[in-house]
Amino acid sequence: MMEKIQSIWNRFTSSRLCWPLAALFFVLLFNFFFTKDFFTIEMKDGHFYGVTIDVLNRAAPLMLLAIGMTLVIATKGIDISVGSMIAISGAVAASLIGGKLEYVDGVKTLVTLVPMPVAIFTALLVTTLLGMWNGLLISKVGIQPIVATLILLVAGRGIAQLITQGQIITVYYKPFQFIGTGYIFGLPFSLFIVGLVFGITFYAVRKTALGMFIESIGINAVASRFAGINVSKYIFSAYAFSGLCAGLAGLIICSNVSSADGNNAGLFIELDAILAVSLGGNSLDGGRFSLVGSLIGALVIQSITTTIYALGVPPEITLVVKSVVVIVICLLQSANFRKIVFSKWAQKRGIPGEKNAAKL
Amino acid sequence: MKKMQLSYKYINLMITVVLFFALFAAGSVLYNGFFSTQVLLNMLIDNAFLIITAIGMTFVLIIGGIDISVGSVIALVCMLSAYLLEIQHLSAIIVIPLMLLMGFLFGLVQGSFIHFFTIQPFIVTLAGMFLARGLCYVISIDTIMITNPFYQFVATYRIPLPFGNFISISVIIALVLVLAALYLSNYTKFGRAVYAIGGNAQSAMLMGLPVGRTKVLVYGLSGFCSALSGVVFSFYMLSGYGLHAMGLEMDAIASAVIGGTPLTGGVGFVTGTLFGVLIQGVIQTLIMFQGTLSSWWTKIAVAFLLCLFIVLQRIVVFRKERTKSIS
Amino acid sequence: MDDAYFLLKAKGICKAFPGVKALNNVEFELKPGEIHCLMGENGAGKSTLIKVLTGVDPLDAGDIFLDGKAIAPKSPHHAQQLGISTVYQEVNLCANLSVAENIFIGREPLRFGSIDWKEMNRRSQELLAKLSLGIDVTQPLERYSVAIQQMVAIARALDISAKVLILDEPTSSLDAQEVEKLFGLMRKLKKQGLGIIFVTHFIEQVYAVSDKITILRNGELVGSYETVNLPRVQLIAKMIGKAFDGFESSCKTLKLDILQESRNNFLRVRGLGHKGSIHPFDLDISKGEVLGLVGLLGSGRTEVARTIFGIDKADSGEIAIEGQTVTIQNPADAIQHGLAYCSENRKTEGIIENLSVRENIILALQAKVGWMKYIPKKRQDEISKKYIELLNIKTAGPEQLIKNLSGGNQQKVILARWLLTEPKLLILDEPTRGIDVGAKVEIQKLILSLAETGMSVVFISSELDESVRCSSRMAVLRDRVKIAEISGDEMEEKYIMQTIAGV
């Protein structure tokens, strides 16, 4: 009997998505009992409304970041500059679009400085280039990822403020707001962006050899190079891609609040993104990764935030809850912790065999 | 050749010191009134809290870890002292030791998680950062002004120096800590164990060094330094607010790196960190004197320096590897 | 001294890991003033025995006596305090600290509560002088070679009043001179009454230095023998547990066949060099030829391979493959041109430890065809199963993580990885290092049969007899310069050694 439970338990815990799913499950379970109308979804004006939809919508930027961050972390790297890149992306887009109210032939019209697609393209180009800068420092110059991206983290907000001249730029141009607040088929538009990016990325890493190469690089970069993998190319690309994701996330955030704030846009979101990846069951030591896990991680973080809002607790308390969640998840992921707890538990039951098994 | 080999570790430190004086000289040439002892001392006064934090950070970096909770701990100390002093009307004599103890314990707990459960320092201190910041808001969402007479006194008191110069009490605290840290890192078993563990933790353990204890204590030390820095910061700001010392952890890390402490562990200089902070001070002062440049240029300049130093460190390491492969 | 007196005595040692009985009722006895070799194939239980003696792993049953007193070491540090010190192959010191600190860290001389650097440096200098090592003790340890680092480690061990010194494969990364120096030191310590346990894979060294040999096999004690009374062939027979098959003769005939065919030039290297690692050299390799690269460690053997394979980008010279000049900037280029390189550092440059056997096998082929053309999963499975069978790789299946395999089997997986790319030239750098005798023979046989199919092989080995057996021609290196080529009748050990030594 004991052994059967043990084997089921082992199979469950060894599954990659077990802990992220369990975390999401508990958050949702909590909401099921304690938050009113958490799972209710209504149709209004042809749009779906409800707390869950809201969670998905708000989690969109984080999910995008988490996708990019997953790949970066899988190469045994880290990108702590994504928050700054979000600020830059928003600043570029907002200052290019501008959006002044002007009277053209006596009619109130919104005029953009440059066409919106150009502005969006430029913003994405800028963050991708910044990602490439990170990638260059890391893959070619050989600087530690956390140090290399620290440079942009420090400089990024300065650059963003430089672009906006220290002002908060408001975007009045309506079509731009669609990115963050629009709906297609009754669902938030941002979700389609996430879906698209996820789909392409997932296809690229699982249906081509890209995923295996990235994992291989993350586990042993030297051996990977010896096996003929162009290591620096892939590492470089991972950071460039992370920059692109940050750019997209920046556009969504900027469009959502219709303004670009060089100081506060995406502040500390890099930590959330890393947390999402980690919650998703991905080791920060690189190697094996799961994109789905990271998305679940991002959803867990957003659900917690939303739950706290819904409970009417001051939103700043989110930080405390987040810290507790981080610790709990990390403890559960920590083999040492499981070993200590498990062997104590086994000792109490007096099962000698288990004690030895736990020691492994 | 041998001479150059001897000093490869100190190259960064030397460049930092030279650069500091060069920047100061440049300022003196460009701007009237820049060249004065008081401008120099003001850098210390304005950055005393950063010096204190950065020193704790230096030890953490030497042992091969990282502590990004320091900024939040400072905020929490400010907030909690303000709360205890103003709302609970406790005496400063109780509050200050209590804060230091709290910071130390906070660090110890983080260190224990890192060591005993082998969770990455980045993640543990990330949680610590969220926790401390969040606790600030649990205490109060708004600013609490500190009107405690002792704090007011310390905040405004200026210790006179010859030639009409002055420094604050915080500067004395910071400089004493620098000296203590110098002694700790070079002349105590604990200090050398930190270097050893940063160099190779596995070997350090096999050589019988108390790896776990040292690691946990280093985080405790960093927590203590942050708390001390928080106390100094509350002298400086005379308020508790949840957004205090936002992003200070990055400034502290930047100071250490600019001062020649790489993030790879095993190497680091307390003096270097001091100059790392002062260089940031010089840049701030230069921008202040220049007058038309906005404050965000400081960030860009610091980032530029950071970049420069990191690349430089990389080149030094690269050369070292090269000479090794030849010899 | 009484003959029955033992410095260290282990009785009835048992140690089991789940699924494996690592040590079963093993006895071990060490006299003072004795150099005692511990021999056995991989998995025989050598390292487990050492781990038990030094307190890394607790034992399940049995007793350890040191100087007649029962001891139970709880950790390596505890064992050291009791008098059992270990020096490992990878030096376990802190390279960033000074030599003196490495000797004294954790027990620094204090003066008024703070570290007395002067005293520490003085005492270190004295200690090292006793071992005839006159180096600057204030310099960081990383400045010195591995051999000196090991001696520093020994100095540290001695100063902590070691009675028993365990040397765990200390010679693997030393060159002949350094080994001799280490042996000199060992003999010196032996005279002082120290007991030394010496673990090595090099049979020559066993006979050069040891007094006694204890052989383990599959966790059981085979026996303890006086070194002088145990011929080499018997030692090997006892280690692998069977009589030595007629490997040598079978190789000889194979080699003759190859020689007759090897006339078509495959690779032509002219003036290829890399500053700081290898002086410009010429090299020709024919189809179906096994070219041995011999020389001392650090003579440039590995560097020749690395430069040809594009790991170190050549800064002079050119490479022509089948008459066509090619540019090789990195390993990926080399692979495209039909080269393959099996590194000497299996752990750090070979295996991807958290990937499965399957992924490890297909990695190079996948890299060769590019990331876009993903090899279908089914095909991957077939390939890996085929190679597991072909090379007799012992694994639970293709999905097993490679880190769970033994050294020899990991090596075979790496071989499979390269064979799969169908290379025209396979460079093998110490393919048999650190793996057991049985697997060694298999790999040697494989090399010869590959050459028979027309593949060119560059074979690097520090074991001369192995090189002689496998190669059809040899290039000799000394001090990063290619100094000679040897073929035909000249290929016998004595002449080669003379060439290497430059006599």
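Chains here go by letter, A, B and C, matching the order in which they are written, and residues are numbered from 1 within each.
Just so it is clear, a contact is a pair of C-beta atoms (placed from the backbone, for glycine too) under 8 Å apart; a residue touches a chain by one contact, two chains touch by 3 or more.
Note that the coordinates shown come from a computational prediction; the quantities given were computed from them, not determined experimentally.
Student: In contact with subunit A and with subunit B at once: which chains are those? Just list them.
Tutor: Touches both subunit A and subunit B: C.
Student: If you take the mean of the Cα atoms for each chain, which one ends up farthest from subunit B?
Tutor: C
Student: Quick one: report the Å distance separating subunit A from subunit B, using the average Cα coordinate of each chain.
Tutor: 30
Student: Taking the mean of the C-alpha atoms as each chain's centre, how many Å separate subunit B from subunit C?
Tutor: The answer is 45 Å.
Student: Any idea which subunit A residues touch subunit B in the complex?
Tutor: Listed in rising order, the residues of subunit A that touch subunit B are 78, 137, 141-144, 146-148, 150-155, 157-159, 161-162, 166, 262, 271, 274-275, 278, 284-285, 314, 316-324, 326-327, 330-331, 333-337, 340.
Student: Hey, which residues of subunit C end up touching subunit B in the complex?
Tutor: Per the touch definition, subunit C meets subunit B at residues 76-77, 80-81, 86, 91-97, 101, 105-106, 108, 114-115, 140, 142-143, 156, 276-277.
Student: Within their complex, state which residues of subunit C touch subunit A.
Tutor: For this pair, the touching residues of subunit C are 17-18, 311, 330-332, 334-335, 341, 343, 348-355, 359, 363-364, 366-368, 370-375, 417, 421.
Student: Flag every residue of subunit A that touches subunit C in the complex, lowest number first.
Tutor: Result: residues 207-210, 212-213, 215-216, 219-220, 222-230, 287-288, 356-357, 360 of subunit A touch subunit C.
Student: Mind pulling up the subunit B residues that touch subunit A in the complex?
Tutor: So the residues of subunit B in touch with subunit A come to 66, 113, 116-120, 122-124, 126-131, 133-138, 141, 242, 250, 253-254, 257, 263-264, 294, 296-300, 302-304, 306-307, 310-311, 314, 318.
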